[in-house]
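Common to both upcoming complexes is chain A, partnered first by chain B, then by chain C.
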Partner chain A sequence: MARVKFLCDVERCIDCSGCVVACKEGHHVPVGVNRRRVITLDQGKSGEKSISVSCMHCADAPCIAVCPVDAIYQRDDGIVLVNKKTCIGCGYCFMACPFGAPQFPKGNIFGARGAMDKCTFCAGGPEENFSTEEKRLYGQNRIAEGKVPLCAGMCATKALLAGDADVVADVYRERVFQRGSGVNAWGWSKAYGKE
Partner chain B sequence: MQRVFYCLLLLTGFFTAGFAAFVYAREDPAAAGPIADLLTVSSADYYQALIAEVAGNWQNYGQLFTTLQGQWFWKASLLTITVVPGLFLLHYLVIGAKHFDQGGEQVLFFPLLTRVVHFFGALSFSLLVLTGLMIVFGKYIGGGTLIRSARYVHLLSAMVFVVPACMMLVIWPKDMLPRRHDIAWLVLLGGYLSRRKKPVPAGKFNAGQKMYFWSVTLGGAVMAFTGYVIWGMGADVESVRLAAIMHNTLGMGLLAFYLTHLYMAVFAIAGSLQSMKSGYKPKEEVDILHSRYKYQQGQEAKRRF
Partner chain C sequence: MARSKIMISAGDGTVAAGQRVTLNPKVARRSFLKLAAATAALTGAAMTSRMTGTAKAASGPKEPYAGSEKIKTICTYCSVGCGIIAEVHNGVWVRQEIAADHPVSFGAHCCKGAGAIDMVTSSKRLKHPMKKVAGRWTPISWDQAIKEIGDTLVAIREKDGPDALHLNGSAKVSTEMAYLQRKFAAFWGSNNVDHQARSCHSTTVAGVANTWGYGAMTNSLNDMRHARSMIFIGSNPPEAHPVSMQHILHAKEKNNAPIIVVDPRRTKMAAKGTEYVRIRPGTDAAFVLGLINVIIANGWEDKEFIRTRVSGYGEMVAAAKDYTPEEVENITGIPAEQTLRVAGLLARNRPTSLTWCMGSTQHSIGSSITRSFCILQLVLGNMGKSGGGTNILRGHDNVQGATDMGVLADSLPAYYGLADGAWKHWCRVWDVDYDWMVSRFHEKEWMNKKGFSLARWYEGVLQEEKCHQYTPIKALIQWGCGSNSNSQYDRVVRAYNKLDLLVVVDPFPTMIAATCDTDNIYLLPSASQYETSGSVTSTSRQLQWRCRVVDPVHNSRDDYQIMELLVKKLGFADMFYKNIKQVPEDITRELGSGALSIGYNGQTPERIKKHMENWNTFDIDDLQAKGGVCDGEYYGLPWPCWTEEHPGTPILYDVSKTVAEGGLPFRNRFGNEKTYDASGRTENQLAAEGVCNPGSEVRGGYAEFKDVEPGTNWETDLSQKTIKAAIARGMAPSGNARARCVVWEFPDQVPIHREPLHSPRPDLILKYPTYVDKENHFRVDTRFLSEQIPDLVKDFPYVLTTGRMVEHMGAGAETRSNQYLVELQPDMYVEINPRLGNDIGVRNGEMVWIESPEGGRIKVKTFFTERVDEKTLFLPYHFAGVLLGESLVENYPEGTAPLAVGEPGNVVTNYGYDIVTQMQSTKDGLCKIAKA
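== the complex of A and B ==
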């Protein structure tokens, strides 16, 4: 079975945060919870780069390893999902995650964290596909509809790629061949410089 | 002649410009930040700069926490709750409980205030241990509402436990200070390895009780602080990771102490649970297990509280 993958092309990402807004709106994610974020390094300095980060659906996911109640699981296609009805909000997954992906809604009893919420790769959750329960807890299930995740689908510069790992890698490799990468990539001098 | 002069001038200009560019290029990355020259270096370096921004230095404590929590904490906890009671069962079967003359003369050992403080301490600490274990072994109990409630009870019990723990620190520290005879008690293992009723060197509290007292009060303070950090995540993620590691490691140590205390109170010394309710211990027991304790007898003792 194909394995899915996210890839953010830092040469193309323009920090528009469209992916963040699309995700939040499309899944009705509560305030304070961000399934996807755009991180900008060296903002305002030369060499500034932005990258869109969410759950990376790791092969050997640390969150699955540390979960004390086995609420997190991985599908055959690599998508890591959480069962919100099993989750106890202990926050171990957040501590284990190298991407800061797990998020917790606030405002519960005793200031406790609610059930963990994170990027589902737009694949819903353990509930029945397209059920109201799935929509309420996890948002849309675009994978079951045969569509790409919202964030990648709406990315204006097509910096964010999502889908079959091999296809995503091919697209990216093609780009690097054409434009180069790093200091050799296109930019101001390539666009406006003289031959 | 003029051409040579022009050539020299041009060459000097080139060298100066080259040198200036070289110096600028060397200084620029430092001034611009961690990734100004990131794409001339490896993608691993770029990733490290990014991840520091997103989730702290994962390789610092994140990796350690993942390994410990994923593989070791539950195994070590399982070992603690099987091996420790297993050893005590063996002790109970081979050596057995200590029996003292319950009908004989009694000594007031725990005045009312200490009994009340101990009761609330024991209740809340037992709940802490129980709910803590429920969280550790949550996956075998199914998770969900039950374990979520266990977390709430864990928090509430911790808040309750702070009060008796602080009061114990007021009531008992004098009796709990280490003495020289405590070493002898430790060497003897409190005389629990023999059936003979030979006086063991201990004051009001023996070395084991002292160790338990200090680990529960001082260790409890560490547990309370790290627990607070974990609960609210009111610190940067690296501190939260470190707090979780400390909380779970120390928690297992306290669990082992708790099980020991429980065994002593409920099984190893017959009637010991009763004396924590009434406050009185048989004189025979005090003379043997707390041989250095200078107790007051008769009516005088009753007036102390």
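== the complex of A and C ==
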């Protein structure tokens, strides 16, 4: 069984937020909830780098471990999902997550923290496939349609890769190999660089 | 401790999760999937779907929108021309699908294109025709709107003459619609028509076309994959053309191509570059002349290319000699050793792809700056080569098409100009009597005079500067053109309120609706471009068919319908639509039959649509279809596409292919011989012996084709026999000439540096003064020398420049109405170096007043960043809805105010216009700043 993974190639990410809006528009995610976001380091300085971050669908997911009501579960293909009907919105997963992925919408019965929302890898949730309820709570279920996640599919520079971790690795390996020898090779500056 | 607890319990959790998966049959069904993030393995560029399995659900639907239709169309934001697959279910656009096999974008979008659907679904769209009655917005019917507008226009025409109307047309409409806008102005009887290209790339078109014949990007975005080095000057693709970056980064990764980024700001592009060159705004020509000088001094120039294909070289070398690396450092602030290093990089890594955008065009010497870039590429021998070229990225999605269609105050469609011959040519195409056309004008002479331009039309209203027109402008139609892109925007607002009639045709109300206090204004809701169809020309000169996704929403009408209503009301519909029955296809055919000069005749609607349907068959590296029904053709039939069998011209000025296969020499447009004023030398302007496309009957330079049909040339022979005759002989209809370093029609025949009108360097004003004032420049006097005051910098000490942010586009009416884009970029701000901020006593995020020498003021938030240096302030120009510190949100029609408002940066952009094209000089002004 394949396991899904994201990979963001920081040499390619241009901080255009295409992934962010692809996700939000595709799943009708409310303003204020960011299943994915782009982080830029050293903006305006030499060495500026950007990276797109969301739930990484960890193989050994801390959020699952800490959830007191077992609302979070992992599919066989590695996609980590939350059952919003079980979630109590406590935020333990938010504390446990190394990436700040869990999101808590405003303005519902839980006050500032509603049921946790996060990246679904475009795989919907535990409701019936393509049901109104699934769409309302989780957005599209593209995986059930045999389609790739929107964020990676629409990435402007193909920085963001998503899918079977083995294939993602192949794509990235080929790309790094293509970057050629010399100063563009990954790790060159680390091994031979001045700083 | 916490960490180890998590680690331990995580194992349990996974097991538990696994149990839940097997217990939940719905989830188990979905785990049949074998996911693959795959790629077009050859390119490494595309993350496409290669899902080897689909959901094998035992029961239930296999897709959410059973029976939906998937419509291929083109994004309406920038000129990259990304593909969109729109999924339409029961007449509703339900979602965007990934156009993974589009040959330019490969499914990619920036944040704007990823939310393209919002153009149709936005609640902020204008829903009904509106007029202002006693200061209140009132919905009216289309019939009433057209009747009242038409009656007022006719009354103004009778009383004041046709030139009392100005039309600002659009780069956001289809090529067919842009053509109708220009045709409308002609039939109305005025050259007072212009569009966004005036402030976008007019100096490029003037500079580049006068160098080698055509004023467009020479290669294509995909061809940039082959560059061995790249230089970006005043261009920031990660913000302005994000999807082009996949091709640019490919060249960096695969070819090890150095990327040199020349910009006053350390931009996102600089973050991806290998060499960042910080330049003082407005000094681009000095830097590039410095590079040329270093290249020649070291003998790195392409001597054979120059000998055979370039003219005026010696005269150019003499002028460039003054720009030593040390002098370049003095003018531009770029260290001399960096100029030397960059010149060496370019010389060692050929071909170089050179890209510039509005950072280089919007200057009073813009038309010189653009020529200096062309000359650099000529000296390096990078023209007409894959991986080389001047890859001038255009702005709006169809600004290339709208420019080609001459929505311009100084030309009829396809750059024919305004001379009698041009009018006669187009009258033949339109099948109308030339004398009737003359009768439409106030007097015949007004047919041949340039109209007011987009940059300064409002001077015709305000009458505060000396104008050269028999009547003030009394009426304005603003059709698909955001208003706050005009410099000195507070003066533009005064003009709105002085007009007798103001008609805004737009899907959104735009800033005009909020600024106009008088009852003279009508808002007509046009449909978005996804609710109509037609061709659009990308920056790569490719024509793509933007298919209609859904019917016009609300009570909006598409642009063609609105034009038809207006033309019928004005009484010249029979003449106007003589050749047009099927809209828009017949318009494509009509404009193609006339636009021979740029080879728009080979792209029939059928061919363009065929390319759309088969876009998967085109190769990523050369954009040629390999097999399939488009076999051998280049994607989008890039112009010139000379005949209905021609494959399009993928790279301009490439003499390695036959003309029939898409080759093209430099155009013979400026005579066959010239004696230069500066040197007294006479030079043949045709290419040297031996330089020609394969199969050419003449083995060297030749003049353009004429008199195949007596009394006509290749541009005016509507039978197209001349074009076909040339191609049959293996030759280009446009001739085979040299590219010019000397443009004898321009005030500076060889480009030189001149200081910006508002310069921070009084010493350099003395050394490099601007031009003398220009009388009657697009019907209004324009100041140069009298505006260049050396002491200005004492009161206005900071350089002000403007630019793009990726989340917003143009004047921002569309993007500031999109909740997700607004969430990403909600506020207008000024970029300020932390050091400068501390010096003037403001903190990051505090409000400041910025004031221009003209008295424009804006109150904006500070954003501390080292992108800018301590002498420069940067403003994004997409905001509107606030003026001089006052919010105008209440003034929009109910429910249509954008989600984000802010001060338009262009309130403080300075006076100053290009000497040739009247491009506004918005990148190099001065200002002062104080804590609010």
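The rule is short, and it goes like this: the second predicted complex is superposed on the first by the 177 of 195 C-alpha atoms of A that agree within 3 Å, B and C clash if a C-alpha of one lies under 4 Å from a C-alpha of the other, contacts with A are read in each partner's own complex, and residues count from 1 in each chain.
As a convention for this text, a residue touches a chain if its C-beta (ideal position, glycine included) is under 8 Å from a C-beta of that chain, and two chains touch if they have at least 3 such contacts.
If you're wondering where the values come from, they're calculated on a predicted model, not measured in any experiment.
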| item | value |
| --- | --- |
| Partner chain in contact with A:Cys122 - chain B first, chain C second, else both or neither | neither |
| First, second, both or neither for A:Gly153, with chain B first and chain C second | second |
| Partner chain(s) touched by A:Ile39 [first = chain B, second = chain C, both, neither] | first |
| Which of chain B and chain C A:Glu25 touches, first, second, both or neither | second |
| Touched partner set for A:Val82, first chain B, second chain C, both or neither | neither |
| First, second, both or neither for A:Cys8, with chain B first and chain C second | neither |
| A:Cys55 touches, of chain B and chain C: first, second, both or neither? | neither |
| A:Ile143 touches, of chain B and chain C: first, second, both or neither? | second |
| Chain C versus chain B, contacts on chain A by residue | C |
| Touching both chain B and chain C, residues of chain A | 45-46, 49, 62, 65-67, 70, 96, 182-183 |
| Chain A-facing residues of chain B, complex | 28, 32-40, 49-51, 53-55, 58, 62, 65-66, 69-71, 74, 135-139, 142-144, 147-148, 150-152, 155-156, 230-233, 237, 240-241, 244 |
| Of all residues in chain C, those that touch chain A in their complex | 6-7, 9-14, 16-18, 20-21, 24, 26-31, 33-39, 41, 44-51, 53-55, 57, 60-64, 95-98, 100, 106-115, 117-118, 238-239, 242-243, 245-246, 249, 252-254, 256, 265-266, 268, 270-272, 276, 806-807, 819-821, 823-824, 865-868 |
| Residue ranges of chain A touching chain C (in the complex, touch as defined) | 1-2, 4, 11-12, 14-22, 24-26, 31-32, 43-46, 48-50, 59-62, 64-67, 70, 72-77, 96, 123, 126-130, 135, 140-141, 143-148, 150, 152-158, 160-164, 167-168, 171, 174-175, 178-180, 182-184 |
| In the complex, chain A residues that touch chain B | 37, 39, 41-42, 45-47, 49, 51, 53, 62, 65-71, 85-92, 94-100, 109-113, 181-183, 185 |
